[in-house]
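In what follows, a single structure is set out as structure tokens and then discussed.
The chains carry the letters A, B, C and D, assigned in the order they are written, with residues numbered from 1 in each.
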Amino acid sequence: MRTYAGQRAVLAVVQLGVLSVLVFVLTALLPGDAADMRFTETLTPDQVSRLRAELGLDQPLVSRFVDWFGDVVRGDLGTSLISGGPVVDIVKSSVGATLVLTLATLAVVVPLAVALGIVMGTRENGRLDRAITSVTLALSAIPDFVIAVLLVAVFSLKLGWLPATWIGGSLLASPVLLVLPVAVLLGRTVCLLSRQVRAGTITALHAEYVVQARRLGVPRRRLLLRHVLPNAAVPGVQELARTGDTLLGGVLVVEAIFAIPGFATALVDGVETRDVPVVQGLTLVLAVAALLLNLAADLLCNRLVPRTELLR
Amino acid sequence: MNRRLGGWLSVGIGVGLVGVPVVVAVFGPLVPVRVEAGLPYASAGVLGTDGLGRDVLQLLLVGGRTALGMAIGAVVIAYLIGGLIGLVAASTRHRWLDEGLIRPLDVLLPLPSLLVISVVAVGWRASALAITLAVALVNVPTVTRLVRAAALDAASSPVVEALRMQRASWINIHLGYVGRSVLGPVAADLGTRITLAVFLVASVNFLGLGLSPTAPDWAVSISRNREGLLLQPWSVLAPALLLVSFTLGFNLLADRLLHHTRRRPVEATR
Amino acid sequence: MVVRVSGLGAFAGDAVLVDGVSFEVVVGEVTALVGASGSGKTTSALALLGEVGEGVRLEGRVEVGGEVVVDGNGVTGAAARVRGRVVAYMPQHPGSALNPARRIGTTLRELEGLHHRGESVVPGALRAAQLPGDRETLRRFPHQFSGGQRQRIALAQALTCRPKVLVLDEPSTGLDSITRLQLVHELRELTADGLGILLLSHDLDLVRALATRVVVLSAGRVIDSGGPDVLPEAPDLERSGTTATRHPLLQAMKLSASQRPRGRDPILHEIDLAVGPGACVGVVGRSGSGKTTLARCLAGLHERYTGRLFLDDEPLPILRKRSRTQNRRVQYVWQEVRGSFDERRPVDQQVARTAQRLRGLDPEPAHAEAVATLARLGVSAMTAARTPSRLSGGELQRAALARAVLAHPDVLICDEVTTALDDHGTALVVELLTELKDRGTALIWIGHDLGLVAAVSDHVLVIDAGRIVEQGPPATVMTEPHHELTRRLVRAASIGHPQSPPVLTLDTRSEPRR
Amino acid sequence: GADGEAAAQPKNGGRLRAVYAGGGAKEVLDPHVQSLFVDIARHKATYEKLVELGPDLKPVGRLAEKWEHDGEATTWRFSLRDATFHDGGKLTSEDVLYSLARIADPAVPERVAQSSLATLDLRRSRTVDARTVELVLTAPNAEFPALLAGIGTQIVRDGFKDPTKPVGTGPFRFVSFEAGRSMIANRYDDYWDEPARIEELHILSADSEARANAVQGGQAEYANDMTATFARTASAGRTVRIVAAKASTMQAFVMKVDRPPFDNPDVRMAFKLLTDRQRLVDVVLAGRGEVGNDLFGKGYQYYPADLAQRERNVGEAKDLLRKAGLLNKEIEFLTADASAGFVESATLFAEQVAEAGVKLKVVPGSAQTYAKDLLTNGVIGNHRSGAMPIPQYVTDRLLTKSPFNVTHWRRAGFDAGFAAAQRLTDEGARSAKYGELQGTLRDEGGILAWGLPDYLVAVSATVQGVQAVPPNTLDSGRFDKVWLA
């Protein structure tokens, strides 16, 4: 266990290191730099080149990276090339909304997906199974923004029940702001997860230990909850850790449509404006989150099914 | 008997759902429909016009190749690369080779796919090939892990040893037995992966990073015409329905395939 | 009388699995169901729980503890009430019947709560199953136990239900004679406490040792029933050994093997072994002592070993590096047969492929030869044309042997190839192998059945913890064992016979941890 | 004028939420660094300039009550209004000189007005008295007041250092700001002009789709820069009203006059003749606009109103193209999704050009770097321009030394003529000279202005007093005149 944790930690450090080099190179590969992005026909080319020198963008790539990396090691994520403010502030101000959104989504998705997955798994290929499969699949196949546009058109514009955007609203004052974005994000994640839980349930139901528990007189309800679920949950939990990335894609669309000042928007803005320190900072945070999520998933799986191999 | 019938029915529905969009995509461009362009979001023609005044029906006929092609292409490429790496990593007896193939991909796992795709999309503007490759690329690490895990189970089973004892060929062992054992997990994965790829391509277009905004592509149509959804719903709904039909049908078929490959006996009753 | 089965029938479509079977289980006695593999033992026993395989229909009448579990219309609603509380079933492979995700204590206490709320039955069950009942043990997960311990955990599970009837399906498969003897004693104590046991087994010695009532099944019908005397006599296996020592065909020198890289935690220690053409070396030892590992080293499947192998005085590399001829000349029959067959292809094709790939035969003659060999072993062509999942364990075991034999090997390594066979099946196998030996094939025979080993082999190795502790001609080893382990193995082997020894001390040393 | 319902009595009080296209981290609070509409709107609420532009882009006084020059347009004297800053200090000529010096600070290259005010000689400029300031130019320029109305020319308090604590003379007093999200400001009761009617102003940032939803869903009262499609959708309901400033911006194709094939004037003329402007307006602008006449600034001061509209003439165009040997040749059109309608118009234009047998291949580029890329790359591309005075447009884009000369229109004669015109102090004579230059430009230049889009603003039904004027003018995005019914 200890060596496992050690290996994981080393791997994580290597991952983060390689990742930041990669992100730096990737953003450097993009045409133009942050100074160019200010070229909106209000700054003249002469002003732009002076700006570039001031931002230090005329330095060679390697020395820029070394500077940045040195700062990061000292705990300083640097300053934004665009706003001039500390990257930490940008990360902080953008993380909150997305975090709330994701957590709220997961809080709905996980119980729902588990319930649906078990219902489907226990009625493998039955009518209910097919019905739920078709509905969740169809929902997951409709592009997010189509769902969003339809939901907004009906519930905000027609019926006026729910706010159409987060503009000018505060989450603390009106939690209903979450309803539509979460509803949009729900479809795909529920589909992915419930299918995994379904598959896990089916496998577990056919497993000999479940058959044997039934023979020993364990009632059906208990069988499902205590014997099938923990084993069925394993692929689901692993999927959940992988869903993070998928969810982020959806979050971006949702952030754009509902004007949520969140993480994904900040990331894409950063790429578009070539604000390398901001992109780096955000990616770093994201990578750490992803690593923690995966670690948590692995540990949870190991807790659920102790035999699950950890590293290999 | 009933079950069987139900099975065939769902296969039929699946084939139908996949077939319609695929047929439209493949043969649509050959249908000689030439409609004079009209005004934006007008109700002229069968399905009206889109934001550029083009006939929606005609766009549907020509817009499937890229829309489906890119998603399918991306998944196929991801499986060609990831599947091969996964198979090799699982079947190699050299630990260094396995580690050398898998660890770098592990490092890539937390890289947000959005970042990769936006970089590629910004770097190679509106190139269907570049986007396909980017979408494939972000799928490679997960596919590799999936295939490797599935193949590792099969490759370390006594069946493979027995086959080697019989001196079966590499192809026989790895594509025939191991490859076929991987098929189950792959089929389960394929459905969702295609859905995700379709969705990823669509959101790339949504972000304006994808194909040219005037390209007659289903995904582009959906994202570009959403503004006119209330004026001329078909310009969005028609391509969306085709995409949904495709992914839905595909998943149903994958489920059937899975159903057949998984049927393992219950040991205890024997 | 806790169980009364009368006129039980089981049908799958047109096939008749069980037909008109009747038997009883009585308190404090052991009733044994015996019969060839595929004769319907498991199907009949599961009917006591009201359990049927997919697509199988039950008929007749099964009464368990006063409840009617099966009547003319099939399984009744009462079946759910008897499961666990009245009748508990211990399946054929108890290892996989334990939930990997639950601590054994949790599982046991759950059963206690379900069937005997408020009573403390777990300690008793553990004691009866010869397991320590401390907190530390109860907090462990199934994978943290050895195979033999797992078998006893499954028994403890069944006992925690405090049933009136215990159904044991092949409880002695894969157990070495010492462990098997322990099992006999555990079961005797349970019957003495008033439990009725239904025992399903091929192991006639075990049945003789325990059963007071015996029901013999054949093709789903009861062909005989009564006391232990209805059991068929053990066929007298004719000694087939040739003692002529010729120049060794296969030779292993200072063979050490390990499961971990760089030889850490070795499983085998400097084994020397030689077998000449037409000779047979028997390998015996406790479960987990390294027999399979040794066989796999010889077969070239286990690659982490040191030491040298020779075939006809030429170095014999690992399987991947063997030439086609070397490959053909050394063949191995797996202990876990089911895992060694591709689930999706008919068995006969898989058997025939050996001849095609290794002897270059065309598909048709290869298939014909496969079918002929299988038929000699008692597996019909119709059965062999199915996929492995539709064959019973015994049929598949013979198919695995046929698969190796079709290579016309010079060295054949048989790893417990008769565990799932009844005496008739065993006799067919021995007959075939004797013929091979006469043609000059060298045999390496691994088994727990000492009598069989002694009958088949010319030279016996006794392995304990990876080391050869004793070797010599079978007669000497079996009658005048030197080593303590050999002595215990030999003594424990003869259960169920009049001269069966009383076990003075229970073996406290349990089998090696897996 | 006000949109039809101005009869209702103005009311005081209330909160107005205005949504603009957001700029994320790019948004700034420094009035001299602005470049986005949302920045401009924010700064307009809290700060003021000496001069603003009227609806015809003609300078009108704001903090400068009046101005006069020395007869040569080199030395200018501005009389300041009696205005007070939000901190209570009176506006003085020192504030003006400090602001101009701050803009010109060479250490801060992103102060946007630096280049347009480059001819201002700060060392020779001086205060005459507390409310009069004298500004001296290095070269005579009759358009100098208009330059003081350009973006990034706000007057700040003398000694102003920290842009995060805005102190201006504008109608609203700053409360809070979050880049990419919102600014909140309250009414400033001592505003020198009539104090605002609304109590609280929120200026918010959001994408087009979110703006549309917000104003329709009642989460905002004012949404800037809406699409024609939205206007169509909204016109079906009753909650939202569209205020359209007719034909107030420009959409054009730009051809590089020094690169083949557009170095040949016949080719440029042929392309101008090939354009089906009405169709472009109908489709790309969804009918919300007018056809263009290859000139910037229709309806603005100095626009030569007597020019005939250019009509499509495929036959003549084909003749010209044949003469230039361009038939059946392929030309690349560099476009990008940088601004609404760019790729769409390029695609449509390619179809129109194809009718004359020339293949225009539409090549999309990077949206973010498009403006810069087009300066140096490609031969033909998209161009759009917001409202600005015509002389400024020429200075920025059509002189040899212009920083944004995307058509590479570099003619010594044109430069000289323009310089001479700027020196003319008589408005009539100046106007005539400008007209002449524009005539040349229309026929020979590389700008193919095909459409003049309306500038669309969506407001809730309750919002009154929103003026339909071009962006960048005094009354656009001006919230002190607006009230909630």
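FYI, contacts are C-beta pairs under 8 Å (C-beta built on N, C-alpha and C of every residue); 3 or more make two chains touch, one makes a residue touch a chain.
Chain by chain, the UniProt names read as follows: A, B = ABC transporter permease; C = ABC transporter ATP-binding protein.
Everything numeric here is computed off the predicted structure, so don't read it as measured data.
Engineer: With respect to inter-chain C-beta contacts, which pair, A-B or B-C, contains the greater number?
Structural biologist: Here the pair linked by more C-beta pairs in contact is A-B.
Engineer: I'd like the Å distance between the centres of chain A (ABC transporter permease) and chain B (ABC transporter permease), where a centre is the mean of that chain's Cα atoms.
Structural biologist: Chain centroid spacing, chain A (ABC transporter permease) to chain B (ABC transporter permease), equals 21 Å.
Engineer: When the centre of a chain is set as the mean of its C-alpha atoms, what distance in Å lies between chain B (ABC transporter permease) and chain C?
Structural biologist: 47
Engineer: Can you check how far apart chain A (ABC transporter permease) and chain D are, centre to centre, with Cα atoms defining each centre and the answer in Å?
Structural biologist: 40
Engineer: In angstrom, rounded to a whole number, how far apart do the mean CA points of chain A (ABC transporter permease) and chain C lie?
Structural biologist: The answer is 51 Å.
Engineer: Using the touch definition from the top, which residues of chain B (ABC transporter permease) touch two or more other chains?
Structural biologist: Within chain B (ABC transporter permease), the residues that touch at least two other chains are 122, 226, 230, 264, 266-268.
Engineer: Where in chain A (ABC transporter permease) do residues touch two or more of the other chains?
Structural biologist: Chain A (ABC transporter permease), residues with two or more chain partners: 31, 208, 211-212, 256, 272.
Engineer: Specify, in ascending order, the residues of chain C that touch 2 or more different other chains.
Structural biologist: Counting only residues that touch two or more other chains, chain C contributes 51, 91, 93, 96-97.
Engineer: For this entry, which pairs of chains touch?
Structural biologist: Contact pairs between chains: A-B, A-C, A-D, B-C, B-D.
Engineer: For the complex, which residues does chain B (ABC transporter permease) have touching chain C?
Structural biologist: Going by the criterion above, the answer is residues 93, 157-159, 161-168, 177, 180, 264-270.
Engineer: Would you pull the chain D residues touching chain A (ABC transporter permease) in the complex into a rising list?
Structural biologist: Result: residues 17, 19, 22, 24-28, 34-36, 106, 109-110, 112, 114-115, 151-152, 178-182, 202, 204-207, 209-210, 213-214, 216-220, 366-369, 371-373, 375, 396, 403-404 of chain D touch chain A (ABC transporter permease).
Engineer: What does chain C use to touch chain B (ABC transporter permease) in their complex?
Structural biologist: 42-43, 46, 51, 53-54, 91-93, 96-97, 299, 301, 303, 319-320, 324, 327-328, 331-332, 334, 336, 338-344, 353-354, 357-358, 389-390, 392-393, 403-404, 407
Engineer: So in the complex, which bits of chain A (ABC transporter permease) are touching chain C?
Structural biologist: Counting only chain A (ABC transporter permease), the residues touching chain C are 207-219, 222, 226-227, 230-231, 304-307.
Engineer: Mind pulling up the chain C residues that touch chain A (ABC transporter permease) in the complex?
Structural biologist: Residues of chain C touching chain A (ABC transporter permease): 49, 51, 80, 83-85, 88-89, 91, 93, 96-102, 107, 110-111, 114-115, 141, 143, 154, 157-158, 161.
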